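Following are the structures in question.
In the two assemblies presented below, subunit A is common to both, partnered first by subunit B and then by subunit C.
Now for the complex of A and B:
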């Protein structure tokens, strides 16, 4: 921290300093990655954006201008409308469940148990798996004729849930555009699998947050006569606010890009009940050879994620600047 | 408080990194690696395919071995890309072709899938090769038509799979004295009997959607016949045609007899339902035979039987793998030698028995093939050949993708009007028949 402050201070003190190795060194070391990111990230974002405005919708490259027609077509599609609904529902459920379960696990693990390390590892372990593995495992667990349903059957349940094969959307009756709004039942199975995998991650972040809260605060609360419940909600929980924001943002972008889990587990699902923009983009681009249309989906995904993340980054860096 | 700040900043940095990675994936998924050979013509060839499964990989290796016997000293690079019926391979291929870095030769389905490359001006005509090898009457004319455009032939077919086959559980059929359903009337009569006895009449696994599209195309062929079926994909038939509507009515009726969990199963699961006796029938291409005999160790005509799908007697839904010569291939002369081996009876008889397909030539040696294939070979010589939509032979990938999208909705809501209007839009958007 000390050396960092010193480096910050130097340019302000002497503006017109001659080029020295010491000054050029940090720039030179950063230069390769800056150039690489400029080309391979931002260059390709612009290229994708440009492609999305062209007529390149066959194998033959066709960069003729098409305006916003690809976007217009996209929003008229049943599939894309369903994607947006699913994305919204999935993101909300996924983030909420991960936060709640993650916080619960973190508080439980934080009880100064002797076996803390063991539980911590158990809870975080699913994160070590790839989404593909999770997808295949949960596909079988939720298959209508195996897994969970065998247990339910043995318990005597008559109407077995169809899980991700069920095309029902609840509550019935809300039609917007070509689709029905609401919670697709099929999506619940996917949310369970995703939460199983990622709630350990939320726990890890919360655990770090809990450890960062000074003991004195809790002691002060105890002196003031607060019980454990009050201490948690009035002292600990508000202190965890930045962690909650960070975790939400990270989970949100995972959920918006989700592809592998759904690809392995359910595919687009009945009536596209478990489809996501990423899956649609993959099919459109690489199976349908509609490159321009696929690029349009990619740009919309980027914008959706940006809506979440840009305000967060701005506020985070502004706060850093203030301190 | 410092700890909190650091945490927040760390979180922000993590998000930023993750975000840039996300965009990178979206923008650069096209960046496939490539290692093309030098410009001078060496005796070297890169063969691009998606043959990585058990039987097909053996077949390819046997072909390569034969090629190396005929052409000693030739270096073969087998660039097979694994994964889902060629999905990944086609993506890698598209990237390489667009980057002007084609493999020497690549696997492609006869019909629209090949024509996409021909229309893009990426393929060399092979008329001279056909002439010099005397192949023009060794392949059925209808098959040559599927790999030709404006009088130029662009690829050599290696194998033939049949799409319009109905597999049934022989024991169940014997037990209830059922007739193989060669017509829709028999099919529904059988299905009703099976349903009464609590057996799922038709096994289906359409998790990947093409399985349902394939079932419909077989129903369509059985309903409208081969001529009209061909004309539909040439854009010469109105989508309001009563035949198309009737095929959808029949298809809809069939869907009442399928297993309820079909959306959770893939084609192998669907075929397996017949093998285990959970379902009595299954419509699948004849690669299912390889799955039954090799993977599940079932005996043809004992454990499972087959017939053509209802109403398609005398028709042969063709799925054919072909190889051609892309423009700008680094070693064109070696490719021509390779294609000579592929098109020879010797080459076809080495490859096809291992893959479980039948030869594309009509003069191959039937004794090398099993009982199913011998029958298919006999049919192949005399039947009307029709291109499969579900496997990319009948129409462009863009149209097929749109049909699959509409099909995913149709199998659930079974709304015929909506499906037909989706077909109309798809045909317009993708310039069907041009």
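Now for the complex of A and C:
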């Protein structure tokens, strides 16, 4: 399971032999990749950061210093404020639904079914699709006069939801800055499509986790008189904690970057109800030619992700160093 | 019925309900794409076609075929080259641990978590400067570079599972760094290459952000063309559905035949998998 720890089995005993050119081979092998990452990841991030501090908000390059003004303007913008609200709401709903559904499916699939492989494959196949395909298809499924609403109508629902066309935000009357806080109704359709695509990922991880729990643990609990329900919550679930952490972090970074799905499915939506920083950056930079403003959005996106990814990587590799 | 039988039936019912939810879009795509333009009606989305009509596939194919081939020319070299690069990187990192490797690796790995928006403006400027903007080779280069972290990660974990005794025996025999890679590591790497290859092929085929910023017609890959098709007001939605099906087909076929390896990639890509 834990491949990080597995790699610690690599012995470190190669050091004492005399220095030869061969000793330099590993680092020479890695050198092209190191240089590429240094330029294309770190160098380009640095350059984007610099652009975000300039006046380059026209088609022609203008690198005159503008300080933090692009950032200040951004936080006053209705669209960007809506983006931050949407991103937060989307991330919470998306992660929660994926975790709950993923765990539920994993536990159900793990009941020694004869049809296990079939169900597992059905739940995971959306992962093989492009977010663009998902967006194009779900856009039709949530069209207010079609798809899901036809089923709801057949079930006797009177007030059919308008899904991604609905600009309403619930609950009413909670304003901060220029925007209303709360859950934009239009975002629900996007969450459903995203969960449809990614919950299989959570299931796959939980299933691997369930398989790695030693049977003796559950048997011991059963001997102690615990029923299946108690065994699950007292024994199995705590064992799955590291999986929950990993899955949450992976899903959170996917959520922070979400772009294609929304671009294909709804676009910015009514009153920017389904807009995201990623979409705003794309429009601002490549359609509006406000490069510095777009760079500022990109840097904020990067910071939002780095805040939890950097501690995650540090702790993962510190653990590895210790064991 | 015994309590066990009731529980089993209930379990199956819930699983089937979920399966229906996951398969619902597939049903709609297939049913709609087989209807003729005269028959498509939003209020009858769930109904089966009266008679099978493949014209929407012909239509979608006409729209997407050139872009479909662009994606093939993009995804195949991209997959092969980034798998090879990941393999030699993983070998160096897992079998020849040198000082600083444990600091260097997370620094490389961070590259797979960044939002690509944060490198996009310099990337476009750079590709423009070296003459690769709006070209498939440019896009291949981009996918190889930003694929380094994930391919290196999967191969590094994969090679950690190869016992070091094998290498030690070869070192005693006097086999060198590349000899060991060529004669010991590479022959044992087949399933590693399958996992990484599927992962890279799927990601490159499905990718949209780089594709839509770096290429313009006629060099756009299929996902960009599909998005344009769906955004177009004059294209009927049976054609859009057929287009979505065609664009998804290659990765779906890979999943159907090699799903086991796809799932291994998913787990390996989550660092601790």
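In this text, the second predicted complex is superposed on the first by the 299 of 323 C-alpha atoms of A that agree within 3 Å, B and C clash if a C-alpha of one lies under 4 Å from a C-alpha of the other, contacts with A are read in each partner's own complex, and residues count from 1 in each chain.
Throughout what follows, contacts are C-beta pairs under 8 Å (C-beta built on N, C-alpha and C of every residue); 3 or more make two chains touch, one makes a residue touch a chain.
Remember, predicted model here, so these are calculated numbers, not experimental data.
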Legend entry - Contacts of A:177 with subunit B and subunit C, given as first, second, both or neither: neither
Legend entry - Contacts of A:301 with subunit B and subunit C, given as first, second, both or neither: both
Inset, instruction - Counting touched residues of subunit A, say whether subunit B or subunit C comes out ahead. - result: C
Inset, instruction - Name the contact category of A:208: first (subunit B only), second (subunit C only), both, or neither. - result: both
Inset, instruction - Could you look at A:161 and tell me whether it touches subunit B, subunit C, both or neither (first, second, both, neither)? - result: neither
Inset, instruction - May I ask you to decide whether A:136 touches subunit B, subunit C, both, or neither, giving the answer as first, second, both or neither? - result: second
Inset, instruction - Name the contact category of A:41: first (subunit B only), second (subunit C only), both, or neither. - result: both
Inset, instruction - Check whether A:317 is in contact with subunit B, with subunit C, with both or with neither, and answer first, second, both or neither. - result: both
Legend entry - Contact residues of subunit A, present in both the subunit B and the subunit C interface: 37, 40-41, 44-45, 47-48, 139, 143, 145, 205, 208, 242, 246-247, 250, 253, 257, 281, 286, 298, 301-302, 305, 309, 313, 316-317, 320
Legend entry - List of subunit A residues in touch with subunit B within their complex: 37, 40-41, 44-45, 47-48, 57-61, 73, 77-79, 139, 143-145, 162, 164-165, 167, 205, 208-209, 212, 239, 242-243, 245-247, 249-250, 253-254, 257, 266-272, 281, 283-284, 286-290, 298, 301-302, 305, 309, 312-313, 316-317, 319-320, 323
Inset, instruction - Would you pull the subunit C residues touching subunit A in the complex into a rising list? - result: 11, 14-15, 18-19, 21-25, 28-29, 32, 42-43, 45-46, 85, 88-89, 91-98, 102, 104-111, 113-123, 126, 145-146, 148-149, 152, 156-157, 160-161, 164, 176-178, 202, 205-209, 213, 223, 226-227, 230, 237, 240-241, 243-244, 247-248, 251-252, 254-255, 259, 262-263, 266-268, 270-273
Legend entry - Contact footprint of subunit A on subunit B as seen in their complex: 3-5, 7-9, 11-12, 14-16, 18-20, 22-28, 87, 90-91, 94, 97-98, 116-117, 119-121, 207-209, 260-264, 396-398, 400-402, 404-405, 408-409, 411-413, 429
Legend entry - Residue ranges of subunit A touching subunit C (in the complex, touch as defined): 1-4, 6-7, 9-12, 14, 22-23, 25-27, 29-30, 32-34, 36-37, 40-41, 43-45, 47-48, 51, 105, 108-109, 111, 113, 119, 121-141, 143, 145-147, 150-151, 196, 200-201, 204-205, 208, 242, 246-247, 250, 253, 256-257, 259-260, 263-264, 278, 281-282, 285-286, 291, 294-295, 297-299, 301-302, 305, 309-310, 313-314, 316-317, 320-321
